[in-house]
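These are the structures, in structure tokens.
Each of the two complexes below includes chain A, the first together with chain B, the second together with chain C.
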Partner chain A sequence: MNLSKEKVNGILVVTIEEKEANLSKSDRFKELIVEEINVGERKIIVSFKNVEYLDSSFLGALVGVLKILLPLNGKLVITELNADIENLFELTRLNKIFVIKNDLQTAMLDF
Partner chain B sequence: MEEPAININLKIPKDADGILNYIHQVVSALQERIALDEAIVRNVKLILVELVTNSIKHSNDDNALIELSVAHPTLTIQKVDKGLQIEFAEDSHKIPFVDVNKTVMVSFSETKKHHIKILDKYQFKFLDAYKEGITIDYMPEHFGLYIITLASDSFVYQHDPKLQENRFIVNLKLRD
Partner chain C sequence: MNKTILLVDDDPFQLKLYERLLQNNGYVCRVALSVDAAEEILKKFEIPDLIISDYEMPDRNGFEFRKRLLKNELLKNVPFLFLTSVNDDHFIQQGLDLKAIDYMAKDIPPSRILSKINNLMNAVKEHYERSLSEVKSIAEKLNLRNIPLKAPQLKNFEISYFNQTYQSQPGGDFIDFIKVDERYTFVILGDVMGKKWGAWFFSFSYLSYIRSAIRLCVFDGNTSLSTILNKLNRVIFADELLSDIFSTVSILLLDDENATLCYCGAGDLPVLKFDNKQNSLVTYQSDGILLGFSEHVDYTEMEISLHGDEEVYMISDGMIDFQVNDEKKSDMKLFKEKLYDLKVRKEPTASIVKNLFDKHTSQVDDCSIIIVKRK
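Here is the complex of A and B:
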């Protein structure tokens, strides 16, 4: 699972450096983000700018992260989704649960 | 004039790294034969990803395949594999069903619950995935079958006990 991480103005920006966000990567993704939460990160942006598709396992990992972060008064914003991934969030109505922003700049302003 | 039926059969990859190429291959094969609008293509991709993922996770059949057929106005996508019937959690209904035509809740595991309509002893249809509404507490972390249900017009599971064959049959209505 290739991720790049950057701390900007107190916000952890995680970029998924993979084309496929799928079942072979979902567990590791969740582990890596939970590690960040465990060391105190509460403001997290996940960018999907390199991701071509996202499957149900990865979606489940995102839900898992959100379930951990919300009770800690944390915030997760996801951004830079392509049209296929946007469709997935709309169809599953998870666009009502997750904060989704078009670009990184707008995502940063949400904190 | 009615267009001829289109059939495409493609063997499913055995690991997750093959999914992206497989989806491109299937969608290209489909688009070579029929014009599809973008919204349908997006849902076809979601359905294919989840059917292939389901196969990689749960099937031991090396010859599992996806069959696509178009008979206007319906596109049918089927995942076909050999093996035992789908299993529910212990407290759920069992195949062969007895309560034909009834709508029941089944559990695939603690976090995967679905409303289904029993069509016959060996066949059921997945129903509205969000009958209870959506909240972060209720939300499962396994969405595969939900996604297929939501992205299609009908989603039916069928088991053939003689052939030991499972079919996930997904229908989408094509727009004019």
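Here is the complex of A and C:
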């Protein structure tokens, strides 16, 4: 699972450096983000700017992370989704669960 | 699909040599000059099918590397070989005691090393296939099915369904038909998020809860899909075992007495109807979110009017995943276009299913479709 992490103004910005976010990466992704939550991160942005395809295993991991973060008063914003993925979020009402922003700058302003 | 091998050796020349040997024989290689570099690769990329490591390396040696892998849940079962010039009996024994499949000397001719690797990979594949077929046969004996053998026969509706597994492994899609009496039949299509065995296993928990929720509500004289989904969601939310397992579900309630149909869904893809008069596809999108994410969720049910010969389509997300020019994408629009073309050509139901599951469309997930036709 290729991720890059950066701390900007107290917000952890995680960029998924993969074209395909799928089953083989979902467990690792969740593990890595949960590690960050365990060391105290509460404000997290996940950028999908390099992701072209997202499968349901990865979506499940993403929902799992959010479910852990919310009771801790944390916040997860996802950003830079391609049109197909954004459409999938809308079709399946995941846009009701996640805060989705078009770009990183707008995502940062949401905190 | 080509198997991936991670090669770890501090000697760049040796590394290149084995990399070339393996690549020329169809393997994908990732190479690392140290244990640290290997661990970085393991963090970044997909888990390899085999790891081959030298013993003697600066900083961490091959044994330390192996010990660290054995402590890692995700990596401890990846087949591991030592390929080294340290061939003292004592070292060989120590290496094999670390559950390495083999301890190979670098002075073995490359062709023999390749044969050993090929044999190992074939043995792993055969072992896997044997285990898979055993589990499948046990599941069948126990009548564990997340896809039923047949659909109920109804007066006013005809139900067709089709499910295709991904890479011959069961997946998270599940289908159920619950005919509670002569009047009401529930048609269920769900998809546990995930793939293969993990999702398959949890689909049974979901199926049990759905069956119970429907039966309990019907016993109380309540056939409201909103109520059923609401109760179902609360039970699933409360189940700690399912705390990080989520599922979508679409439910249709067929009233065979009045020939009416009602729909409600949770995080599912829209249900489609082909309107024969208007010659158009109508989309019915539910408003409920995934089961199990939040305790209190409203699920709105909606009537779908269906005239003679008209069909509704329930689909799982695998149906809208396509692989075009080696790139995967989820494309509902493309699915609708395909379905629309088939309908305007007046293809019969069986042909629609056959065409939508055409082998030429590369499948990337398990996929399911249920077609309910008004007679």
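In the analysis below, the second predicted complex is superposed on the first by the 111 of 111 C-alpha atoms of A that agree within 3 Å, B and C clash if a C-alpha of one lies under 4 Å from a C-alpha of the other, contacts with A are read in each partner's own complex, and residues count from 1 in each chain.
By our rule, contacts are C-beta pairs under 8 Å (C-beta built on N, C-alpha and C of every residue); 3 or more make two chains touch, one makes a residue touch a chain.
None of the values given here were measured: they were computed from a predicted structure.
Partners chain B and chain C, brought together by superposition on chain A, clash. Of the two partner chains placed around the shared chain by superposition, neither chain B nor chain C is touched by A:5. Of the two partner chains placed around the shared chain by superposition, chain B and chain C are both touched by A:57. In the superposition on chain A, A:28 makes contact with chain C only, while chain B stays out of contact range.
In the superposition on chain A, A:97 contacts both chain B and chain C. Of the two partner chains placed by superposition, A:49 touches none, neither chain B nor chain C. Shared interface residues of chain A (contacting chain B in one complex, chain C in the other): 19-20, 23-24, 52-53, 55-57, 59-60, 63-64, 67, 84, 87-88, 91-94, 96-97. Partner chain C is touched in their complex by these residues of chain A: 1-2, 19-20, 23-28, 52-57, 59-60, 63-64, 67, 84-85, 87-88, 91-94, 96-97. Taken in their complex, chain C has these residues touching chain A: 43-47, 74, 172, 191, 193-196, 199, 243-246, 248, 267-270, 285-290, 293-294, 317, 321, 327-333, 364-365. Across the interface of their complex, chain B is touched by residues 19-20, 22-24, 52-53, 55-57, 59-61, 63-64, 66-67, 70, 83-84, 87-88, 91-94, 96-97 of chain A. Residues 15-17, 19-20, 23, 38-39, 42-43, 45-46, 49-50, 53, 56-57, 130, 134, 136, 139-144, 146-147, 150-151 of chain B touch chain A in their complex.
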